[in-house]
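The following blocks contain the structures, represented as structure tokens.
In the two complexes below, subunit A is the common chain; its partner is subunit B in one and subunit C in the other.
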Partner chain A sequence: MESGGDIPEVPGRPDERDRPRVGVDEWVASVEERREQRGGFAAIGRRIDAVVPPWARLLIFTAAAATLPLWMDTGDLFVYGIFTLIYILLGLGLNVIVGYAGLLDLGYVALFGFGAYFYAILSSEHFGIHWPSAVSVPIVVLSTAALGLVLGVPSRRLLGDYLAIVTLFFGQAFVVFVNAANPRGLTGGPNGIADIDPNDLLGYELITRRQQYWFILAIVVLILIGLHFLSESRTGRAWRALREDPLAAEAMSMPVNRLKLMAFAFGAGIAGLTGCLFAAVLTAVTSGNFALPILITIYAVVILGGIGSLTGVVIGAVVINVSFQFLAPENPQNNARLLFYGTIVLLLLMAVRPLWRLAVVFGGVLVFGFVAHEVASRIDESWTAGAVVEGGRVAGVVADWVIIPAGHDRFADIAYIALIVLVLTLTRVRGWWRTLLTIPTVYLSAVVWETSFVEQPAVARWILFGALLVFLMTVRPQGLLGTPRVEIV
Partner chain B sequence: MIVAFNAELFIQLLVNGITLGSLYGLIALGYSLVYGILKLLNFAHGDVYMIGAFVGYGVLTLLGGPLSPNVALTPLIVLMFLGAMLASGLLGVVIERFAYRPLRDAPRLAPLISALGVSFFLQNSALLLFGSQFRSYDSFVLGSKNPEFFEPGPLTDPVFVVKNVNIQLIQVIVLATTVGLMAALTFLVAKTQIGKAMRATSYDREAAAMMGIDTDRVIATTFFIGSVLAGAAGVMFGLLFSQVFHFMGFLAGLKGFTAAVVGGIGSIPGAMLGGLLVGLAESFAAGYLGGRWSDLTVFGILILVLLVRPSGLLGTRAIQKV
Partner chain C sequence: MAEQGHLLELRDLTKTFGGLTVADRLNLYVDEGEIVSLIGPNGAGKTTVFNLVSGLYQPDSGQILFEGRDVVGLPPHKITQLGIARTFQTLRLFLNMTVKENVMAAAYGHTRSTVVESIFRLPRARREEREISALADEKLAFFGQRLTGYRHNQQAYNLSYANRRRLEIARAMATNPKLLLLDEPAAGMNPAETAELTELIGRLRDEGGYTVFVIEHDMHVVEGISDRVVALDHGVKIAEGSFDTVATNDRVIEAYLGLQGAA
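On to the complex of A and B.
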């Protein structure tokens, strides 16, 4: 178009408020207004979310995160600080694929594993290769992105669910390959690869936890900035259009296939980078680090905060990792117990309205507990003879309140199944019935916690994660900070 | 290295593959039915199958355990099947009611993630309740006169022996049960009123609802039927391989889904054909290439079929309309 003469000036980008919004008519807009007027904790959170600009959020996050090593000891910094950052990175990568482009990738954790293993091969004692990070990390990131691209190729032909299963198979195949196939000792089989070099900054090795933490934090901040601009860019908007309606996007002549592949490559690249950092921090990799449970955890991170929201991923990672570490088997039980009862109180505060009904529930639960404990001990001493697992300030109170039997083998199992039935029933009833039913449900969950979850915190946390996914999907599919879509068909 | 063609090994692998395949076929039917009606990939299906296997074990334990059952062999096995099928069927209905129905009109991602959550929840609940150890059906001593001395019971009796090929009674039972269930399902879908409603709902849910079909009930029934089949498959697995454990549903579910896709998802004979193919592939790969390659072979078949014929062998190509 050279002979066009005067080219009309491209109009400047309109202000956010004045910009026409696709698919939003009067009714949809009124729904959003009503939503803004609604009260409650979630609404307050969303209002804060809407007011604080992105740069301020980043500043708050960076400031808070950067001071962490100043008051935390090394062990805590490792499990609470570094792991949270790793989860943030993983969540950000998955967010590009699932959150922006809407592609259900269940082989994501294998890309993370590929990055970690590749870095381990390039910089460790395993083959005696010790490439500096400045060389090995870019190679790993690029090849992971390429692998993501290859994995994305079937997505051109496969609809959502088929893609999910193919990628899930890929994840499974990766674990089998690393563990069992292990050609020429490449991956070290079940033993994995040990003695991995730490990352280095142009020759300066990052050995202490503090150095590693700040290094990873810097990378997280850089990626957050990059992703913010990416999501506001033409590509970012195209991804979201693709997520909402692939057919319409194609009809608008968007290169759908290329966009999908780009999302795969981008997410994979971030996963590869995270793999490098993870392997370097842990100094050893085994296939167990990249199995299905970790995938579920990353999904929980992305979904809890709200699919597609960067702030959401950060919050999700902090919440998930901290609760995850509280429920770690080697952690003293008092942390886990505090977290558990704290969460229940918080849930009740959020869910039960009005206040006097809340008071009924709290009072009811307390009375119910003491009565049940008394009745059980009158029937037979053995019903309340069980010992409370040690630790924490709450333990003393719990002993006189929760039924912990000694010698009744199946009690814990029956209580667990009864709790599932009660919780499911609770979702079906309304009004006073719900309030009344909440009382035994809360009490029973305390019983289940003290009789079986405390014994196996590792299993308990997976159960809770699984339940969390279902709960979030049925109650708030858009996550804590996402905005629910209103559409008219 | 060229191994002389060994006809006996070949036939033995063929028989094992067909048995395994009918098991996968039953799981695949559950996927296929649900996918056909809801377009939902039910990740939790494999775990329903696992729970079915455990319920079968529970019934066995309740009736005195494998070493000293209180009832004769035939009613014992019938009761195990019935118990597992009923329990799995109910579990399927409950899962649909609480994890999928609220998401009927949600974006497609939501029910998939919910299904993932259900699967994870069931797996770890089983781990919490039953522990991580393998539970044994001890099917080789079931019905034996001297089970304490591990004298083989009638289930492992060869009913057909030629040279080194032997077909055990249990394999015949599995095959016969599968064929029976298949026939029943085909009859149900093709001839009965609920089957007609299922076909209508699968064709167009909204239109079916407008024609007065209670689609929610039809969907619940579909989940019930699919889960019943998975429960039966779970007991079959327990009887064939004599062990059940909390993680068995994951891989079996993946293979069942592969079978459904290979055969053409949404097609009942396709699911059975796919199941047979996957079972045979796994059996032959394990026999000729070694056990560690069997899973990767199944995976390779899936990719190959998806690339050549994305709608599966017996599936009809779906035309997407806007």
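On to the complex of A and C.
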């Protein structure tokens, strides 16, 4: 029905040229175009979204991922390949609940855990039940979806922070239940359940890492396709509408409460399926696998990728898991060390301007270090007698530069407190003072790193990982592929 | 007493918030094919009437009959599915969805494909998708060049204020209603846009076949479109009739301007 051609255009004002065209349709509409023309890092995600159609993105991802086992050794395939796929699946499930329907569910990881434990009970040595995957997996997926439905019931009444608290309670209760309650040895208590059967394809057991990887990859691809279609259907649109404005959605003929429960159940089903795969691949589950840090990591996957974007979840999972495994304690400290010094150099490059001031800081830090090291060793040999934790080329340079006393526990604590004081002072001063003060601050952070964190790789991993997340999210609050969200204009 | 003629009829509708009576034994009706305007000073209870009719508020007592059926107590989405769609005075678009998605989303109530059908793109899901897409194009085309073309794929937050109002109307139309409740559709529009809107409301009835019940402050709009005008003050109906009758009514003038303003 093209009947609008006869409507006259809004007449332009005679003084139009002299005024900013605020409020004029064309001006407002051009905002998006101008934003698209903006270059740089911020535009990359938008370009990918606009230029590469979804099926091509899927093809690229599938092709790249499928060749991974051909050149990666088994151990790497496990931590980099399979774990990334698991995170993708978890992110996709959470994306339905948080990204589409906008329901802040902090009990999500418990659904993942429920799926894993339930599969472990149905297919392991634990009770001697060995149901084939074709039976146990559908049962687990459906029961997890049902549990998700139950968990979603408070969302009929609660939204936002309130829903988050109630669901968080559920998540914590699950861990306690599995660990402490352990009725009739159901969950194995703190020991968890071991000797879980691998998944099988109609009787053919998937034992090697390659088989498992390709199997999970196939599932990821199928779910990506399904979710893409679902997202572009009446249900997907209704979910997003309810995220944007539940009241308007209700007034526009959408049964909001039912849609919320559907989102919860659907996301839970995916979490349950992931649990089955995870338990089968790991062959053992304990409650620690489903605790708060995992929840935070899944949220990081979804938020980092850009909430509501399927491509975003995939990219987010790759970035998060790869950087997290890169910092693993089993890896030599040089990874973490490299990242630490790299981050400091990057921060300085970004924060200190102009160039000559940057040169002063870099030079100052180096000179300051060698001088301080020399002075300290002249005063007392033992002040610099501590050994540098081995790892990478940087360690050799660090030995003559950073002060590491022989027994340095107390020293490390003092240095840590001094660093905090210095950083706080740094925020209060301006100009030259700031530049000068940056030099000891950077040096002291290196000292603290070498005397405390490097020796506790597990702690350092989380701290660096957290710092990385803070950094990435500050640079791109909407996620790598997300569009900037607008609440009210 | 149940006249089948009225499309919408409110009988003795009462709503209080604490001690404040915002609708006081209100009786009014809208006939099929009419354009009825609801006017009154700020706080008179106009939007409350819309909220009651669309099911967002529950009345304390009274009946709301739509096509002879009492809709009190039904959830809002059911009422919309029966054929009453509304727009919001405060603009409640789905801002982070595209213009076309906003309209397509509102077709939820009269589509049926299940989640499974959508995931596997079974025939019914595909057919409904095509239908909804065509429906959205048709409803957006109602606004001429304003909402067509490249704007379909723009996020709704990119729209100007006037276009947001138009999109709200398009979205309400996509629920396939018989009765459109428009809550201050001309608010925030410039004179040219207001004139365009006045024409549009006429076309909504003549070409779209909708019955229109509209809250409006702009008396030029009210005069231009209304078959009948109902005036409210403090939740009470103070006048009803043609625009000229209501506009010259002493109680209406008093409500708007105070006693001294009667001159």
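Some notes on this structure:
We take it that the second predicted complex is superposed on the first by the 323 of 489 C-alpha atoms of A that agree within 3 Å, B and C clash if a C-alpha of one lies under 4 Å from a C-alpha of the other, contacts with A are read in each partner's own complex, and residues count from 1 in each chain.
We adopt the following convention: a contact is a pair of C-beta atoms (placed from the backbone, for glycine too) under 8 Å apart; a residue touches a chain by one contact, two chains touch by 3 or more.
All of these numbers come straight from a predicted model, not from anything done at the bench.
Residue contacts after overlaying the shared chain place A:Leu247 against subunit B and subunit C alike.
In the superposition on chain A, A:Trp55 contacts neither subunit B nor subunit C. Contacts of A:Trp433 after superposition: neither subunit B nor subunit C is touched.
Contact with subunit B, but none with subunit C, is seen for A:Gln456 once the two complexes are overlaid on the shared chain. Of the two partner chains placed around the shared chain by superposition, subunit C is the only one that A:Thr235 touches, whereas subunit B remains out of contact. Of the two partner chains, subunit C is the only one that A:Gly226 touches; subunit B does not reach it.
Of the two partner chains placed by superposition, A:Phe370 touches none, neither subunit B nor subunit C. In the superposition on chain A, no contact is made by A:Phe127 with either subunit B or subunit C.
Under the contact criterion defined above, the residues of subunit A that touch both subunit B in one complex and subunit C in the other are 247, 485.
In the complex of the two chains, the subunit A residues touching subunit B come out as 98, 102, 104, 106, 154, 157-158, 160-162, 164-166, 168-169, 172-173, 176-177, 180-181, 247, 292-293, 296, 299, 303, 307, 413, 416-417, 420, 424, 427, 452, 456, 459-460, 462-463, 465-470, 473-474, 477, 485. The touching residues of subunit B, counted against subunit A in their complex, run 35, 39-41, 94, 98-99, 102-103, 106-114, 116-125, 127-129, 250-251, 254, 257-258, 261, 292, 295-296, 299, 302-303, 306-307, 310, 320, 322.
The touching residues of subunit A, counted against subunit C in their complex, run 1-11, 23-25, 27-29, 31-32, 226-227, 229-230, 232-238, 240-241, 244-245, 247-256, 262, 266, 483, 485-489. The touching residues of subunit C, when paired with subunit A in their complex, are 54, 56, 75-77, 80-81, 85-86, 88, 92-97, 101-102, 104-111, 113, 115, 118-121, 125, 128-129, 132, 138, 141-146, 148, 151, 154-155, 157-163, 171-172, 174-175, 190, 192-193, 196, 199, 203, 207.
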